[in-house]
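First chain A sits with chain B, and in the next complex the same chain sits with chain C.
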Partner chain A sequence: MTGNSPAAVALRKLAHSRSALIGVGLCAAFAMMALLAPWLAPYSYKKLDLAHRLMAPGQMGHWLGTDNLGRDLLSRLIYGSRVSLAVGIFSVSISLIVGVPLGALAGYAGRWIDSVIMRAMDLLLAFPSILLAITIVTVLGNDLKNAMIAVGVVGIPVFARITRASVISVKELEYVQAARTIGCSPARILTVHILPNCANPLIVQATLSLGTSVLDAAGLSFLGLGARPPTPEWGTMLGDTYRYYDQAPWLVIGPGLAILAMVLGFNLLGDGLRDALDPKTKEE
Partner chain B sequence: MEAPVKQVLLTRLGQIVPVLFGISLLVFLMLRLIPGDPVKIMLGERASPAEVEHLRQELGLDRSLPVQYLGYAGQLLQGDLGRSILRNTRVSEDLGRAFPATIELACAAMVIAVVIGVGLGSLAAVKRNTWWDSLCGTLSLLGVSMPIFWLGLVLLLIFPAGLGWFAFSGRTDLSFPHPTGFYVIDALWSGSWTNLLDVLNHLMLPAVTLSTVPMAMIARMTRSALIDVLSQDYIRLARAKGLPWLRVWWRHAVPNAMIPVVTVIGLQFGYLLGGAVLTESVFEWPGLGKLVVEAVRTRDYPVVQGGILLIAITFCLINVLVDLLYAWLDPRVKQP
Partner chain C sequence: MRIGLLALSLLLWGCTPRTPVSEPFGTVPSAPPEDVLVVGKPDDASGLDPALISDGESSQVCRNLFDTLVRHSANSMKLEPALAVSWKHSPDGLIWTFNLRKGVKFHDGTPFNAQAVVDNYSRQLQPTHPLRFPGNRFPYWADIWGTNPCLIDSLEAQDDYTVNFHMSEVVAPFVENMAMPFFGIVSPTALKKYGSDGFKHPVGTGAYRFVEWLPRERIVLEANPDYWDGPPAMKKVVFLPIKDATSRQLQLEAGKVHLITGVSLEKVEKLSLNRAVSVLSQPGMNVGYLAMNNEDPHFRQPLVRQAICQAIERQEIARALYRGLAVVAESHLPPMIWGQADLRAYEYNPDKARQLLARAGYPNGFKTEIWYMSAARTYYPDPKIMGEVLQAMLGEVGIEVDLKAVDWGSYLERVGKGEHQMALGGWVGDTGDPDNYLYVMLDDNNVNRRRGGSNLCLFKDAEVHKRLLKARQMVIQEDRARLYAEAQVLVHEKCPSLPLVHAPQVGATHPQLEGYKLHPTGTMILQYVRWKRP
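The block that comes next holds the complex of A and B.
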């Protein structure tokens, strides 16, 4: 990490922040867990074993115990990291793919296009996020795919606003005017000259949004409006088994801690990236 | 009313009209966008053709879209939100019963969030770069990263199940009259301490659960606003001329630091309406959130539409109130 390029400086700042490193560590651990799930999980995540239901942690080789249908909790948590990471990445991709072009168009075109797009975004922001997600799931139907779409749509206005603000601050700079004078098309100016210079706030927001998407999707699944059993989604696992909390408290503790750790990882990484990408913070 | 506040009020009320129109349009379209025949989905496969036709007419689905919307908007303006498919009750009455429960829960959560959030944030600002500051930072981070439905379950596990403290679910175990629907007020009105204690016993855990996210945001904002204010020249002057610390704090630092904090408090109040959906489901709290979620599960669409409409409108009105409060608190806000 030598050199003075903005990326090298940002990486060095990130490497010197203890909290950001914890975030990187947590995210990397979950990514590895998701990739290596078939090798890491000691049992199948869906095989029922009613003879050994609600077993306490540590018994019969079940390190974290078993659930109400005798399935190994540790294996389900490990496979659950795949679902939650996929939910986060898929939802944030929807928010980015729709929100960034809308925001860029609003910021670059201005006038009535700006007004129409931003009023539509205001309308989406007029609903509390989980309620908007519930509305969308009601229309599309309750399953994991629709929950991911709903959480993605909820995130669109945030990305549109950030992109619009960045585009407005960049579009009158000299290098953009120069591109305009030599006859570049608006599409080329936007994609080649403006958007790459708006990337920093979007990278930070995307990382933080991964956390909120995982939380929102887990909330929907907990309410029975997202992933369906036997999918090992952490929110669904909590929603399915919390009624057994007096007999098997480990069924409540495990999935919740997993959600907390993953969201914490994304939030720490997002905060770290914000500081690292901000030219005003000094390198230690 | 002061001139800037009045101006902000008029501008914001002007801006809110198209948003309210948009909300009503979205909620109206919701039923029409559902793939398949919503009437058959609501009534189930066994419904007779006559029943299907009757409900279709009742919901106005046999007319053209613009006519349907005009009819819907007309009914809304009269406060008619239709009837629940499942219970055949008036949706407006169902919402009227659930609304005070949600508002009471949100207010209780906000009181906890403000008291602890402002306290923690102030402590972190005064004891900057000490372990108090780190503790406050860690708690705020945990607060925004924690799934609140899980926190609710853990609190249930520790308190009612483990220690036998507080109630598991519901709003009260006793029967007393509820003229307002706000049980704390009703219990006070009944003049019985037993009633009040029972209501608070039920309210405590859901309110603490719901308060975590706003508490974390308020603590963060209080810390950064106070650090900013404490480094200003007027604070240094107040200290230099020998004012007691408490007076500097109370008269000069806190009022100036509170302006951004109040904005966060207002915005977070809107969040509480959303967070209540999850909290109410955990604690079986008979509020709007639980009503909407159950209606989604049972496909009772008129209730879903009414609930979403009411929450979204309340959310918008709270945002207008926050802007007014901001204009009233900050004399610099001359123009909205």
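The block that comes next holds the complex of A and C.
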């Protein structure tokens, strides 16, 4: 990685941070797991085996044991990474797609448009996020798709605020004024000149939000408001089996650790990216 | 690094199979100092007017607030006098006369007499009765007596303490039906006073009287000191809705709750070893079945229904989900009730099921949904797990099932209206009469698409209907038994729904609680309950 382009510098900084590398490793591992699930999983994630319920790890070729319906826990965890990644990416996309234009509009247009949009965002922020998500799922119906939408909606105000703040600081810069002077349309100024310069904080926030989205969706599923059976969603797995904690603790530990690892991965990566993209931190 | 090691060791500790507990543990607690009983139930009541409810959770509470004319004994289906001291029928079986108990008062002081009985029954019988208020719907009345025409033609007070019921036809299980908690007698003064809100202000003659109801939080009753059958020993009873089976058990083990229903079978073994708890269990008068909507385009076809019956391995369900304590059901009639037919079990044969589906025009199966109720029932300790098992078994023969949780509050009504494709159905009998099972669950008269009937498969069959109707108009048990057997053979052939299991009844109490017995009907009788004190 040579060269002095900002991207190359950022990558070099990222590569030198140990915690960021752990984050990258975890995320990559889960991505591989999700992509290669059918080849990695030793069993089907939905095949019941009622004769071998709650088997302890290591028995009969079930490395992590079986759940309350005799399904292989390892296979369910591996397939579960698909669900959680999809949930994270999908809901963060919703937050981005809605939040960024709203924030950009508010920041660039200012005045009453700014007020209306940002008060609406304040309203969303005023609700505890899980409560808002529960309400949305209750209204839309109990489904994983709706849980993703709910988590995505909950994330909108964060992106709107970040975008607005960046847009306001960038829009007074001289090159933007120059663009305005030569007659660029506001839409062009916003999309070509302003937004690309607001990307850094958004990238960092999106990465961090992936983690919280996974966590929120797992929370909803734990409450029975997300994935429907037999989808191997980690939160659902926890919710369905936590009452066996004294007989079969692996059923709680497995999905619990999986959620922890994935969220930790996104958070470490997000922190690493923040440091790497910050021009004030020096390259070692 | 150290933290990593710690995490690793925790993980390993967690994953090491512990030896199962097989020794009794814990200590026997002493009885609480006050005469208060706290009951933990899977769900709150939906209402406290006995005529308006149709679910067990509500009727368990109402059983202790209201009396019926006749009642079941504390632990069997034997009938005993309650608000009526004696009863007889005319030679043609069309007039029943009840002699009422004298000197009984409702909790609000209103005297109990023949007029009160007439008011209670007439408000359900006559659509324009002044005590029928907006929003009043009498599900049990419709299920048991029918609405148009109604089996009870009219009733009148012959004198202050004698009531005559005029029947439009002979109804064999008439007196048995009268013992259902749903025909509890409500104070007419209270009905008048509260109107449509009557279900929140129960006033009866029962062993306990109403104190307060905070929906989804608690229902509080206190002893009725003037109870005609002697005041109960318990001064106060609190019903707590505790949805989660594990929390119910933990709270019982901790002594915060003294009596629980809906004990999860997974925990029975371990729970019975805890000295702080005593576990009660007996075969239940219930059935759990998979209700296929016989008006649905898929399940209208007999081949599809047969395929479903062959795709589900019920032995395995009874063994794994009920710890072998359940009996596989072939009929909707539990085995301890007379009128049994000799039925050949549906064979578990997924290959055959696939062939049947192919013959029905679905070589690649089809998509459908199964509804399950949000709260545990006697017959389904965990409805979701039952749903998941059925989903997986049907998946094996190519039927892709979407599982849908439906709130118990509206479950029976929505399924009764036929909004479902398949749904978990179940029934706990209120009387020991086959009529209470077969007529209620399978007769044409109980299909009601508009308001929701109790025939959850919307099964209509002229042959079955003929026999079920005839049997309820006869008095000799042998003749009735023959008709019920025939009807069951017909139903078994047409398989409108798949009977799954007869589940055991399991409850658990504080070890110092005396006088509590599981009732075959699943109701809860707290009149004789007391604390064992030295």
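What we mean here is this: the second predicted complex is superposed on the first by the 284 of 284 C-alpha atoms of A that agree within 3 Å, B and C clash if a C-alpha of one lies under 4 Å from a C-alpha of the other, contacts with A are read in each partner's own complex, and residues count from 1 in each chain.
Everything that follows uses one rule, which is that a contact is a pair of C-beta atoms (placed from the backbone, for glycine too) under 8 Å apart; a residue touches a chain by one contact, two chains touch by 3 or more.
None of the values given here were measured: they were computed from a predicted structure.
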**Prompt:** Which partner does A:I253 contact after superposing on A: first (chain B), second (chain C), both, neither?
**Reply:** both
**Asked** Of chain B and chain C, which one contacts the greater number of residues in chain A?
**Response** B
**Prompt:** Touching A:L123, do we find chain B (first), chain C (second), both, or neither?
**Reply:** first
**Message:** By the touch definition at the top of the document, which applies to A:G235: first (chain B), second (chain C), both, or neither?
**Reply:** first
**Prompt:** Thinking of the overlay built on chain A, is A:A51 touched by chain B (first), by chain C (second), by both, or by neither?
**Reply:** second
**Request:** Examine A:L223 and indicate which partner it touches, taking first as chain B and second as chain C; both and neither are also allowed.
**Result:** first
**Prompt:** Regarding the shared-chain residue A:R243, is it in contact with chain B (first), chain C (second), both, or neither?
**Reply:** second
**Message:** Just checking: does A:G65 make contact with chain B only, chain C only, both, or neither of them? Give me first, second, both or neither.
**Reply:** second
**Message:** Contacts for A:H16 in the overlay, against chain B (first) and chain C (second): which applies, first, second, both or neither?
**Reply:** neither
**Asked** For chain A, which residues lie in the overlap of the chain B contacts and the chain C contacts?
**Response** 142, 224, 242, 246, 249, 252-253
**Residue ranges of chain A touching chain B (in the complex, touch as defined)** = 119, 122-123, 126-131, 134-135, 137-142, 211, 215, 218-219, 222-225, 235, 238, 242, 245-246, 249, 252-253, 255-256, 259-260, 263-264, 267-268
**Message:** Per the contact definition, I'd like the list of chain A residues that touch chain C in the complex.
**Reply:** 46-48, 50-51, 53, 56-57, 64-65, 68-70, 142, 224, 228-230, 240, 242-244, 246-247, 249-250, 252-253, 257
**Message:** Going by the contact rule set out above, which residues of chain C touch chain A in the complex?
**Reply:** 11, 14-17, 20, 244-246, 264, 266, 270, 316-317, 319-321, 384-385, 387-389, 391-393, 395, 402-405
**Item:** Residues of chain B defined as touching chain A within the complex
**Value:** 18-19, 22-23, 26-27, 30, 33-35, 141-142, 144-147, 149-151, 153-154, 156-157, 161, 270-271, 273-275, 277-278, 281-282, 292-293, 296-297, 301, 304, 308, 311-312, 315-316
